[in-house]
Amino acid sequence: MKKILNSPETYVDEMLEGLCAAHPQYYQQPESRVIVRTGGTPAGQVGIVTGGGSGHLPVFTGYVGPGLLSAAAIGNVFASPSAEKMASAIRHAHGGAGVLLLYGNYGGDVMNFDMAAEMVGLEDDIATTTVLLADDVCSAPPEQAAKRRGVAGMVYAFKIAGARAAQGGDLAAVTRAARKAADACRSIGMALTPCTVPQAGKPTFVIGEDEMEMGMGIHGEPGIWRGPLKAADAIADEMVDRLLADLPLGKGDRISLLVNSLGATPPEELYILYRRARARFADQGVKIVQPLVGRYATSMEMAGASITLCRLDEELEGLLKAPAECAFWRV
Amino acid sequence: MKKILNSPETYVDEMLEGLCAAHPQYYQQPESRVIVRTGGTPAGQVGIVTGGGSGHLPVFTGYVGPGLLSAAAIGNVFASPSAEKMASAIRHAHGGAGVLLLYGNYGGDVMNFDMAAEMVGLEDDIATTTVLLADDVCSAPPEQAAKRRGVAGMVYAFKIAGARAAQGGDLAAVTRAARKAADACRSIGMALTPCTVPQAGKPTFVIGEDEMEMGMGIHGEPGIWRGPLKAADAIADEMVDRLLADLPLGKGDRISLLVNSLGATPPEELYILYRRARARFADQGVKIVQPLVGRYATSMEMAGASITLCRLDEELEGLLKAPAECAFWRV
Amino acid sequence: MSAVLTTASLRSAVALLVTAAEAKAPILNAADGKLGDGDLGITVSEGWREASHRDLPPDVGMAFLALAKAFQAASPSSFGTLMATALMSAAGVCKGRTEVPWSETSALLGKARDAMMARGKGELGQKSVLDMVDALSTATAGLTEPKALADAALAAAARTLGLFRDRPNGLGRARMFAEKSIGLDDPGMLAAKVMIEALAA
Amino acid sequence: MSAVLTTASLRSAVALLVTAAEAKAPILNAADGKLGDGDLGITVSEGWREASHRDLPPDVGMAFLALAKAFQAASPSSFGTLMATALMSAAGVCKGRTEVPWSETSALLGKARDAMMARGKGELGQKSVLDMVDALSTATAGLTEPKALADAALAAAARTLGLFRDRPNGLGRARMFAEKSIGLDDPGMLAAKVMIEALAA
């Protein structure tokens, strides 16, 4: 395992300590594994809490900040945080107007967040709503879209819900915006190499030196095919085709596009993918607004990329463009 | 070679095309391999031109933008651009007040920039000055500091010179600020894995599964020792010790600190390094201002990290905090 | 084995579970590695280890609650949370009592199954730990003696694994490997079997 | 070989250099790979390939200039830029002439050496292509016939490589491998030898 760390056991806590030390203007850690926005949720504003396993920076913790999230509960690498930590994050995020729970559709996370919501509902009388992100088109067919896992599309939902909360929307309004963003996003990923979970000490999967896997998830969940590494344009074409098959778009449609590295894949390669994806959407008459190219939702040192589209209407576009900032992104 | 690309021959040009397409508000490519700031250098403002090989994003092209650089000439991966491209970048960057050439101390780049400066001096009557970045403490002993290569410290020089130019400083003033920033920076890198230059098709060097190399440069230039991978804190300690040996600091000193990934190393690991480095500087009574943790100067998919310190006085701190923006960084 | 379930029985059960879970962790990790993220052995062994560090009050319900909380804090992955949910449901049933007759075992298991189904939004027949708990509840119905309970549970566990082995998984991460999962035991069911074997020993 | 240096001589020289550089590119890449970034074979072969695509005017000076520009555009790495610098200095000397006597060879090489030293801020004795050009200038002094020039150049190239082999590199990237470079030929010197062999063949 070639990683810069002190021990697998201290990996997450030392990471969070460094994160908060480097960016105290954004992140505070009032108790272990709970990161809250510095200064807290402004009074009367809806709080937004996310959470999930470590190893995906900037997801989840990184998106805490003004115009984005209020708090995050952090688990071990690729593992759910406990319901207790989530409940604590919810309490910290509560500014008196309730809290939206906005996170990826993974079994463990869902059970724990549900439990946490019950806990704060009973013990603290905090109203919560839940919106699950399930944007990965390769993880279930359209008829079972609710079973899909959440990947890089989370970033759009965080941004859009965060903007609606900053505007002063009530819990129902913020929840509606988050739901709309979640419904508007579709993602697909492809991987070239695995990554290593520190506590496991060995790669999450094995793949040939000249192979890629299309449709793979951010923890190495299996995709739809594995085969010889294709040329960048062919990869982009297939990804765009599969996204469009799931969410047909045409002339006059406006989307934002996120070309995301899973970690090791450098921006140079992302721009080569973006170049082609953009041309493909232009061919369809689809306009790309405020594209994102970079590392937004990762799997540590996994090599690969994902493409996410977020279909915009006037409301979503306005929310996407509203000011927001965290250590990893600024609008 | 596991990379997302169409062909080694088109790698750089497709990358630049994608970059400009994704961020037209920052980057324009008036001719191939020359990237200029959208809108150009404001009239009467000193231009700042950099250049060098591809494969280091955000370095070099990425730092073109308001409060940063005016233009960049881009070569093949890890190869100098031609003097002609540099001359063209200088012409585009010239806003009537002369142009500072600010780049890393690599033989080929220096020869070509010198030639370019002669060309624009003769043909276009553009005044130029040159400041070389030579911040890598491992590439030559202190007595031969001028022979050192330029690494992540470039980022501070770009920022500080760019801020001085935006303030309206004349060529001498901008050059002085750049020189001061260059003199204030010290860097050290360590690598865990090589990267692959697309046209070469094989890794830049070979290193054992449990080995690291301390002091390695951003093209895989040899470092000062190679040995078993150490714990993160031991790595940070050695890096900080070597930086402090080169530039002793003490109580009351203020620095900015950049903990930089060479590419594949994820931010999680950078924060673990930052946590320790920060503690070490705090022990010395040194205050860290506006730290940077992320991917600022890379070698494609190389795994490893570098630490750069920039010693600040009031002037440098003010310039570092002045507004600036590009697709990869915003202050 | 005492004549009734007390906090002392829970303490010795936990001790047996810690040892067994630690010994079988690699097997459970490997089974989960084939169909999920490979952490189930850690989940189970760290959950019971943490449980073994907690003080258990004489009130059997409160003792179950302490175990539930320990499991949740140490092992918040799916199986850990479901275990915590099951323990929590037992806490509700046993609250206020220092002795619980063994004859309630089947009912406790039935309650646990229902709570786990609600928590994980799972159904029976999807080849998960739910099917195992359901089978155990059925097999232990009407039994009142520890030895009989143990024998019935062991037999049910083996039978249920066999029954589901050649079906596809329909819940949790393993759902994504539905095809591949045919012929493989569900890791959560295996974990339940490991625990039953430890308690029946 | 014609009695004087003309643009036609340059054209046939370029043809020979294209072939030789392409054939020897792997060797030069490997030599540069040991002490630098491994691109020297590409630098030299792409430089001459691009040069072979350019129209060369009868004015020998202008023809040299066209070669210099081709080299710069195709191969802007250190060696390419130094080659362009050398060709540019020859352009200055030969400008306005369609015939240049072979007897000027030594002087042309001397001028090239000086221009390269100014461009690369290098000195003699640092085990670089500079030492090779210097040795060639010295060895060809007073010679007026192509055959004699070729023989002298070949001998000087071999001798100079031998002379420097066991010294450390002091210029360019190889400087960083000073220790390691002892016993290895400087890649730039090797490239010069490859070119001389092509021309002398």
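The letters A, B, C and D name the chains in turn, as written, and every chain counts its residues from 1.
The rule is short, and it goes like this: a contact is a pair of C-beta atoms (placed from the backbone, for glycine too) under 8 Å apart; a residue touches a chain by one contact, two chains touch by 3 or more.
What you are looking at is a predicted structure, and each value in this text was computed from that prediction instead of being measured.
Between subunit A and subunit D, the least number of touch steps comes to 2. When you average the Cα atoms of each chain and compare centres, the chain farthest from subunit B turns out to be C.
Centres computed as Cα averages put subunit A at a distance of 32 Å from subunit C. Spacing of subunit B relative to subunit C, judged by their CA centroids, is 56 angstrom. Remark: subunit C and subunit D have CA centroids separated by 79 Å (rounded to whole angstrom).
Our note on geometry: subunit A versus subunit B, Cα centroid distance of 30 Å, whole angstroms. Residues of subunit B in contact with two or more other chains: none.
Two chains count as a pair here when they touch; such pairs are A-B, A-C, B-D. Those residues of subunit B that touch subunit A in the complex are listed here as 2-7, 11, 14-19, 21-23, 54-55, 57-58, 62, 192-193, 209-210, 229, 231-233, 235, 259, 263-275, 278, 291, 293-295, 298, 300-301, 303, 305, 327-328, 330.
Across the complex, subunit A meets subunit C through its residues 75, 78-85, 107-108, 110-112, 114-115, 139, 147, 199-200, 204, 217, 219, 221-222.
Residues of subunit C touching subunit A in their complex: 37-39, 42, 69, 72-73, 76-78, 80-82, 85, 119-121, 171-173, 175-177.
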